[in-house]
Structure formats: structure tokens, C-alpha cells
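Heads up: the structure comes next, in C-alpha cells.
When the chains are written out, they are named A, B, C and D in that same order, and each has its own residue count from 1.
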Amino acid sequence: MYAYTLGGRAAIGTVRPGEILRVSTQDCFGGLVRGPQDLPSQVCPLPFVNPVTGPFHVEGARPGDTLALHFAAITPARDWGVSATVPHFGALTSTDRTASLQPPLEERVWVYDIDTAAGLVHFRATRGDQAVALPLDPMHGTVGVAPAGFEVRSTLTCDSHGGNLDTPEIRAGATLYLGVNVDGALFSLGDGHARQGEGEACGTAVETAMETTLVVDLIPNTATPWPRIETDSYLISVGVARPLEDAYRIAHADMTRWIGELTGLEQLDAYQLLSQAGTAPAGNVVDPNYTMLAKIAKRWLPGPAAAYAGTHARLRSIAAAG
Amino acid sequence: MYAYTLGGRAAIGTVRPGEILRVSTQDCFGGLVRGPQDLPSQVCPLPFVNPVTGPFHVEGARPGDTLALHFAAITPARDWGVSATVPHFGALTSTDRTASLQPPLEERVWVYDIDTAAGLVHFRATRGDQAVALPLDPMHGTVGVAPAGFEVRSTLTCDSHGGNLDTPEIRAGATLYLGVNVDGALFSLGDGHARQGEGEACGTAVETAMETTLVVDLIPNTATPWPRIETDSYLISVGVARPLEDAYRIAHADMTRWIGELTGLEQLDAYQLLSQAGTAPAGNVVDPNYTMLAKIAKRWLPGPAAAYAGTHARLRSIAAAG
Amino acid sequence: MYAYTLGGRAAIGTVRPGEILRVSTQDCFGGLVRGPQDLPSQVCPLPFVNPVTGPFHVEGARPGDTLALHFAAITPARDWGVSATVPHFGALTSTDRTASLQPPLEERVWVYDIDTAAGLVHFRATRGDQAVALPLDPMHGTVGVAPAGFEVRSTLTCDSHGGNLDTPEIRAGATLYLGVNVDGALFSLGDGHARQGEGEACGTAVETAMETTLVVDLIPNTATPWPRIETDSYLISVGVARPLEDAYRIAHADMTRWIGELTGLEQLDAYQLLSQAGTAPAGNVVDPNYTMLAKIAKRWLPGPAAAYAGTHARLRSIAAAG
Amino acid sequence: MYAYTLGGRAAIGTVRPGEILRVSTQDCFGGLVRGPQDLPSQVCPLPFVNPVTGPFHVEGARPGDTLALHFAAITPARDWGVSATVPHFGALTSTDRTASLQPPLEERVWVYDIDTAAGLVHFRATRGDQAVALPLDPMHGTVGVAPAGFEVRSTLTCDSHGGNLDTPEIRAGATLYLGVNVDGALFSLGDGHARQGEGEACGTAVETAMETTLVVDLIPNTATPWPRIETDSYLISVGVARPLEDAYRIAHADMTRWIGELTGLEQLDAYQLLSQAGTAPAGNVVDPNYTMLAKIAKRWLPGPAAAYAGTHARLRSIAAAG
């Protein structure tokens, strides 16, 4: 029922452009980490981690098109979530790639209460009695299409096809744009987070199952080389690479092009405007590829800037009507 | 009158802890780039770039202390600023270090009108008639103390002693904490920006001269290994390194320690909380060392968390009274 | 007939452990670049680049085993080879990942005469009359098994499953060890180079078709986490990652473990010996993942060190007898 | 008597171009680590580590010239050397920059017997009875001039002014070329290694005091932007940066230019030749800046290639006569 790759799987459903899709997703541990005793390295047999729901076949999608996924709603399916340190995984530990001879940090599980009505996620210390309520901010860590070049990629990683991007910007109200590589696009999603800090430092967010409502659309004959996100107020390009400065470079080169297309600004003028008006938050600094964002407020772009011919506004209307 | 290094210079003035200091700073081009015809590579003779005002000797400062600089006001001294692309410098070009065989991008200057009353900075395209008003958000790109280990460092770079950090978080209302390495601390500042995007992609911000009011203080016998910033609402650690993920790691390891000290959270609990509650914006991705921030809202730390024994609040009061 | 991925393909043949296999491989351009007028970006339609021959099913291979491929002979199948600069690909240019706004370097093709009898490869300048004869040193840039975790990877990249490692150490006389991830191992090879500099700076070597003789073997119940190479005189671990220091770290952490297993040296003793006795050449610094090697002379290991129970010597004997 | 910086110190002696200079250097620990009980973090008070002998003022040296240092002899001054793991320093551990929350590896000292007559260095395990004799291969880890731009840099780091390059290529028989930044050049040297592996993985080599004979020369009005090394058989460019691929890029861009100047090869032809004929060993992957080399055999350059107008051959003659 769940997939552990993007690509390499038959579609589990079909969607028509403009259609609303409701999807249930499991958490990145497949629901197997439920308390402090459930250490991920013991209860989650590799490679069966980070399950995604899908893939879905989008009618008419062809390589060279762009898939638009508008997130109308992302709602926790449970009143709890978990996070964990996992041996040799995370930003503040040596890893399988940033290899060292040091032993791993302790593996430990944190359980969070999720109060959807109050909009809160409750952190509680494991070695003390400190507690704090953080805002609930549900998002999907993993959304992607089948890769190009006959590739099949683990849901643990990300690249130009999306995947485990792990940026909090993929929340309700956002539209994600992904270039289509194969007929039908074959997109999947999962890895719900009740909330996540930028960088996802310890390697996992507040992981939980989600009920998600999407509006799916297709922009024909329009390539999107790297993932992009649009909200009511912002345009975002997502760079995916190591080292982290390459992710920054990808995102900012893509955003420079995007600004140029939307505003008519010549290349260096667009670069200049982005340099003064853009923000650059980290997505993840823990997965096999890191993510870094180039983000700019639409109100700071000269002239009317309707990305992808107004797709975001249109999908938002469908969501509101739906 | 201006210095081009941190360290290696005699003090131009002395400040007592708790005192208010008013400083005038020149822009990073020494005021020599005034219009499109003033190409930086032609008018700014190396190494006379990025002048700082200072150093100032802080009475009683000893290695192992922490210097606190509260920015009470940062006001543009001119009604214009400039930005520029500089050959083989910036994030979206090969550089002297990320070396390639490609010719440089075109060198070009942008002139901005700064309207301090309206709080606006006016971007105008150089190859078209597009224009947009951005919020004025004055800050200092370069603030630092004399380095440790007898070193003298160019104001073009940054490290644990501060320097060319180039993060927009050093604005009015913020307190910057820097570890003291030599008697008197010997701090300097310059490189005012009317505003700057995160990452400073093209290599320069909206560069302008500034009139700045500081409250200077000293926290004795308290080490601060990497630069930290405090505002009314946030705590920020600044990581300084290449590649960019190392800057992220430094900042987040430092913030994990800082949270632990302030809240009593055990190390992995602090790591966990930061992972879910922190943000991670880029500072600069263009200087010899990059900067990346770990930032957390004070309201998301359990318990009363008065950093450095309430120094920020105290300096804010002095500034308000001053 | 050719494959463009590792994984995702049915076997084209079966080999028994201990068997000799003769394989013909095409060059990385599929033989379509034959002269200065054949620009790769025009004549090589993506993703049909870097064809490999295979996969071959190894009888009895199971996940957790190690595949040993001894290269008995690698002989150019043609008397010419080609190299090329390809737009936005290579070490001394911005790329799709180390993105910049600069135009690409000129795309150009170099044709080399290969004189197998004399053991020479003839470089000739394209913009002058300089020429020089370099030693023929045939090798395979791409050798790999099907990846773990249901993945299918392009032959343009490399990872722990091998792939486009692009190190000159995979020459005749060497034994390559790869961990088996799927039943039958499903290995493939291609990308012959008449010779290659370390790092493969311009992105391509002296590319040519090859006739290759392999002895294939299996070491059951022995994991090999990263590619390893053994020659009569050397042990080599291959790290695969970005940034390049992570590739160095992987290779040296793996070699530290390997030395420990072979000599009984405690971990830090092995680390110390490697630190003084090892060499660390680059493999490639151009592909989606870079490679860096940890290499140590067997004569500098204390005691008899027969890796993989003497597999290399045994395969060498089979090759000599074959 | 010893200096801990490059720059910032008065000359301790003067040398005329063409003159032979004999220099005694202490080891990187200042001779304070003599056995297993002398842990560096306890016996070496920061910043008094890595002492260099110098600086020496070269008569007539001016910014824009190149300093040539020919190493006629490098001889251990003692019959023992030491190596050590140092907390949070080295390639296979988290460090102050590649920060993690993991505890450091154990600090430990290895003592080596140096047998100069036999040309051997004796490794002995500390947790077992294994031993092995490695070839003696004396070199200097640290050689540099005063930096540009009024900077003073710790001898622990390296940059375009040289410094702690930590490459085994600076051995007897080699000529090191460094660009002159200040009047008199003000060069220093130290950090002798009885031998060193490429990358200096554990952070220290076989550290020992040295007696060194240099021939000093000056090439007027000739800039050398990054350190270069020449031997009878090889030309080497040294790239200095993080991440390690930037060090590779610097070295290979510099070597491409150098080959072009020496042979008349057009830029892309030089890039091509280097791509097929060059080797790329690591220098160090542990210091604040990493080093990576571009190395090419002189016999593979078309035409007579006398670098710096035959300086190396000339200095070699002086050394032989001396």
C-alpha cells in the first residue's frame, strides 16, 4: 500500500487536472515508533522507512509539463507525533557520509501531544520536567514525482524531482510546482510533520500521519527544472544539493531566472533585486541532499507577476469552492 | 582614519562599560562608488576596501570576557546607497576560490535612493524602467573585535571574532555578543547596509554611510566562542565557515549549548527543541567565510531565559534613557 | 543492448563465481562523438549517455555478500578515443549544481590516436600544433551493481553501489569489491578510458570502446559498505560524496576499519598508521558525486594481510591460467 | 625566538637572492610532546603551537615579485618524532567547524624512532605489538610569507601566502614559489615531518625538529597567486580552500594557466591536457583551510618548459655547489 521510492511503481490512482484529491499518509517511521521504547533503528527495518502514498497518475501529464500541487489542507490524523535521534543521522553528528570514528549520539525518542483544536504541539523534555507549547504548523516533508532518466529514488533523498525536501514551506495554502519527467507524472507524498525547524537539525521533525487535501493541476509545455513553491505572498525556489552552498546557488539562480520571466527584468537586474529583497532559509541539512530556499515577497516584484499564468490563484479558488 | 583590518591597529578611542558611543561609518567602497561609471574594480584600490571605524578600547576588557554591543540606532548618513556586481565575487559566479575558466559577469553599479523619512529604499533597473520600493532596514555588515592568537584579519572576511558577518540581524534593537581576545577588546564597525537580502547573493548590499549609536558593555569571565545576537524576541547564534553546512553546524551546536545553559535542558533535549522550533537563515554566501544562523524565539524556551544575566534588557534601558 | 542505469534492468547474461567473462563496452558517448564536429550536447540525446554493458547475474549472489571483479585485461577496441568539454559540466566551470549566471565554456572535441602496440595515446592541441604522447593506461570509469533500497541509478552518477566512479585505479590487474544489494548482484560496466587524469577535470577522459576480460567471484556473507580495490601492491577504499572532504572521510574511515580487520590494529592505531602511510588521490571531481581514494601499500601493513581471504591472488591465478 | 604567525613580526635575519640559508626548526608541539604522557591539549598552551623559524627578510623583495625557496636538504635533528590525536581535530572526527555534539576521540600520542642512516621511521602500535618500518621522507608542513592586505595569520592555517600547507611535496629537491606581499617577503618555516600521509588524516604527521638547507631566490615582477612547487620531474600548483573541491578547482585553474604560459597551449587545450595527464593528491584535509594539488610531469608538456626562466635548475646547481 505504501511506496518507498519515487519512480519504479505502478500508479495507485488517477487524477484529472483541476481535480481535488484526498490522501492519507503515514509518518516516516511507518507508525512503528510510538514511544520511548521504540527506537527507530530497532523497529524500522531498512529500506522500509519514509513510506509515501502514491504514485498518482495525472491524466495527460507529459515530460516537459509542470505538475502543480496545491495543498488545500494538511491535518494531523492523530493526536500525537514523535521525533527521534537516529544513530549517525542528523546535522550535529557524524554520519555515513560526514564519516568519523566517533560513536553515535544516543538514540532517543520524543513524544509530542498534538492539539489540533488549539493549534499546538507540546514538547516535553526527556531528562527533566521542562515543557513548552509550540505552534502546530502541519506540512509534508516528502512530495515528488517519478525522476527522469529511468531513475528510481529512495524517499529518503531528494533532487530535482522533489522527494524528501523537508522544508516547512510545503504547508496548507502553498502550491508546489514540479517538472514532469514521465507520462502521468506519478507523484507521491508522505512524511507529514506537525511542525519542523529549518534545517531539521536532529534529522526528524514532529512526525505524524496526515489527512491531506490537494488540488492537482497541469501546466503543459512548461518546464520547471527545480522544485518551486508559491503562496499568496511569496515565490520560492528550492535548491537541492551538497554542499549547502550549491543548494543556495541552485535556488538563487533559478529564482533569478523566474524573476526575469515574470517581470521582464534583465538578468543582472533580477540578480540585484533578489540580492536585496530575498530571504534564504534552510530546508534540511540532514538528508542525502540538503535543501536551501530562495524566497521573495511578490509585492517586491515590479509589475503584476502571475506565475504559471495564475495557477496558484486558480487552484486556491478550486480549493475554496471544494 | 579608517582601518582595513581587525587587530593590528592602535585604539582611536576608549569606552567604559555601560557607555553610549556614537560612530560614523563609511560604506564598503570608501564612498568612491557614486554612480554607474564608478566601477569598484577601477575606483577601489585593494586592499583599501571595507573600511571600519575603530578600533575602540573597552576599559577593563580582558581575554575570556564577552563584549556586548547594543545597537540603539543605525541611521543612513546619506540619501543614497549603491550596490554592484564585482568581477569574480558573489554567489552566482565563479570566484577566486570556486575557481573556473569562465570570464566574469559584467561589472555594474546600481544606485538606490534612500528615503529615511518614508523608510524606503528605491530599486531601479539598469536595463529597463522597472522600479520598486523596498523597506529601509539599516544594519552593519562588519562588526568585530581583535582576533585571538596574534592574528590580524582583513575586514573582508569573518570568523569567531566577528568581522564581515553580513547578516541583516545586526540592526537597531539588537545586541551583539563577541568573545574578547585581547585586552581592551578593540572593536570596530563599518559596512553599513540600507538593507540586505539573506545570503547577499550578488556580493554587495545597499551600501551606505551610517550614523550609529551603540551601548557598549562587558560581561566579565564569560566566554562566547562564536558571535551571538539577542533581540527582544530572539536568540541567534552565528556560525562562520565554509562549506555552508559547517556554518550551520557551528551555529546549531552553539545554540544547543546556549539553550541548555539558559533552560537547564539536557543536551539532547535542547537539540530536539531547537530542531523543531528554530529557524536557519543564511547571512552571507559570498565572503571568504560564509555565515549561517541558528535563531529561536525566546517565548519558545521553557522558563525565564535571561541571557548573559539580562544584559540585553539593561542595555536597551540605557539606550532608551540615553 | 546497452543500459543507462544500474538496477531496473533484466540480466543479459549469467556468470558463475570463478568464471571468466569477456565483455565489449561502448564509450560514454555511445560512439556518436567521432570528430570535432560531433558536439556531445547535439549528438548525444539525454538520457542516452554513458551506456553500460550488463547487467550480469552472478549465480548465488545474495544481499550481504561481496562481489569481486578482477580485471584481467582492458584493451581499447578502436585506434582512437575522444574527449570533450560539455556545457556546464566539469571541474573548472559552473555546473547545474554549482550554479552561476555565467555562460558555459566553449564545447569542443579532442580526438586522440590510440596506439595499443606502442602503449601510447596522442594528444594534439586544437588551437595550435602542440602534440604530446601520453602513456596508454586503459580503465573503466563505470562499474557497479544494482543499488539497495529498490533504487535505480543513472550510469552518470556513483554511490556505494559503485557506478561512475571514474578513478584510474580500475585498470587491468585490479580487483574491485562491491557489496551485493540484490539477488544476482546484477553488475554492469562501461565508460572505458584509454587514460584519465585524477579528478577528470574537464569532465571526460580519453573515451573509447573496450574489450575487457573479467574474473568474477563472490565472497559470501561479507559486507562491503563502500567500493574497494585491491592490486598486487595496494589496498584502496573509494569514498563517494559531495563535498569532496566527505568522500575523503568515507574512504579513510573505511580504510581505517579495513586495516583494523586485516592487521588486528586497534582503531586509533590503524588511523595513525594510515595517517602516515596512506595516499589520497582524487577520482573524479565532476560527476554528481565526487570520489576520493584512501590508498595504502600492503607492504606497510604489519603482518600478512590477505584481504577477503586471498581473493585477489586467487582471481589473478585464474586470470593467468585463463 | 619562534614565531606563531606569518606577518606581524620583525625579521630575525636577512638573505640575499642566490644565497644558501641553514635553518633549525622545532616541531609543531614546540618539542613539548615527548612521550605518551605528554598530551598536546595539556602541555601545549594555545596559541603557542606550530612555531616557525623566521621571518627572514629577502633583500630586494617587493610586492609583485615571486620568492623561490629551494630545499637542498631537510634532515631530522632528532632520532625520534611524535604524532598524536588531538581532541576535535583531524579528518575522522567532528571539529570546531564540522561541529557535532559527540565527545572527542581519545587523545593519544605515538612515538616514532627515526633512523636517518637507514632512512626509516618506525611505527609501533600503542594497543598491541604490531610494528612496521616506513620510509623516512622529511618535509616541512609550514612555509610561508607575510600575507597581503596587512593581515597576520596563525601558523596553524594556510592560504595564498602559504603557511600550514601540509603537503609531502615540500621535501628536499623541491623548489617552492610564493608570491611576495610585503617588502622583504618575510618568509618563515617550521613544522617538520619525518613523513606524512596525504591528507594528514589524524591531524598530525611524524612531527620532529629539522635542520634544513635552503637556497633562496627572487623572481622580480612576476606574480604567483597561489603556492607552486617544482621538482626535477614535476610542476605542482597548490589550491588552498574549503570545501576540498574549491582547493581542487584553485589548483587546477592555476595549473591550466601555468601550462598555457609554459607551452603556448590555448586555455581549453591546456585544460584538456591537464585533465588527461595530471594527478591530484590531497595535501591536508584537517587544517582550517584544506590543500589539494594539481601535479603534472614535465615530460608530458609539449616543448621545453622552463618555469620561472629556469629558476629550479639554477637553484639546484647552487645547492649542489654549496
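FYI, contacts are C-beta pairs under 8 Å (C-beta built on N, C-alpha and C of every residue); 3 or more make two chains touch, one makes a residue touch a chain.
Just so we're on the same page, UniProt names per chain: A, B, C, D = Acetamidase/formamidase.
Everything numeric in this text was worked out from a predicted model, so none of it was measured.
The minimum number of touch steps separating subunit A (Acetamidase/formamidase) from subunit D (Acetamidase/formamidase) is 1. Listed by label, the chains touching subunit A (Acetamidase/formamidase) and subunit C (Acetamidase/formamidase) alike are B, D. Interface comparison, B-C versus A-B: the higher number of contacting C-beta pairs is recorded for A-B. Using the mean of the Cα atoms as each chain's centre, the chain most removed from subunit B (Acetamidase/formamidase) is C.
Computed from the mean C-alpha positions, the centre of subunit A (Acetamidase/formamidase) lies at a distance of 31 Å from the centre of subunit B (Acetamidase/formamidase).
Between subunit B (Acetamidase/formamidase) and subunit C (Acetamidase/formamidase) the centroid-to-centroid distance comes to 46 Å (mean Cα coordinates, whole Å). Residue positions of subunit B (Acetamidase/formamidase) touching 2 or more other chains: 92, 98-101, 105, 242-243, 249, 252-253, 256, 268, 271. Residues of subunit C (Acetamidase/formamidase) that touch subunit B (Acetamidase/formamidase) in their complex: 92-94, 98-105, 243.
In the complex of the two chains, the subunit A (Acetamidase/formamidase) residues touching subunit C (Acetamidase/formamidase) come out as 4-5, 7-8, 46-47, 96-101, 148-154, 156, 239, 241-243, 246, 249-250, 252-254, 256, 267-268, 271. Those residues of subunit D (Acetamidase/formamidase) that touch subunit C (Acetamidase/formamidase) in the complex are listed here as 83, 85, 91-92, 105-106, 108, 110, 121, 123, 125-128, 130-132, 134, 195-206, 242-245, 248-249, 252-253, 256, 263-266, 268-269, 271-282, 285, 290, 292, 300-303.
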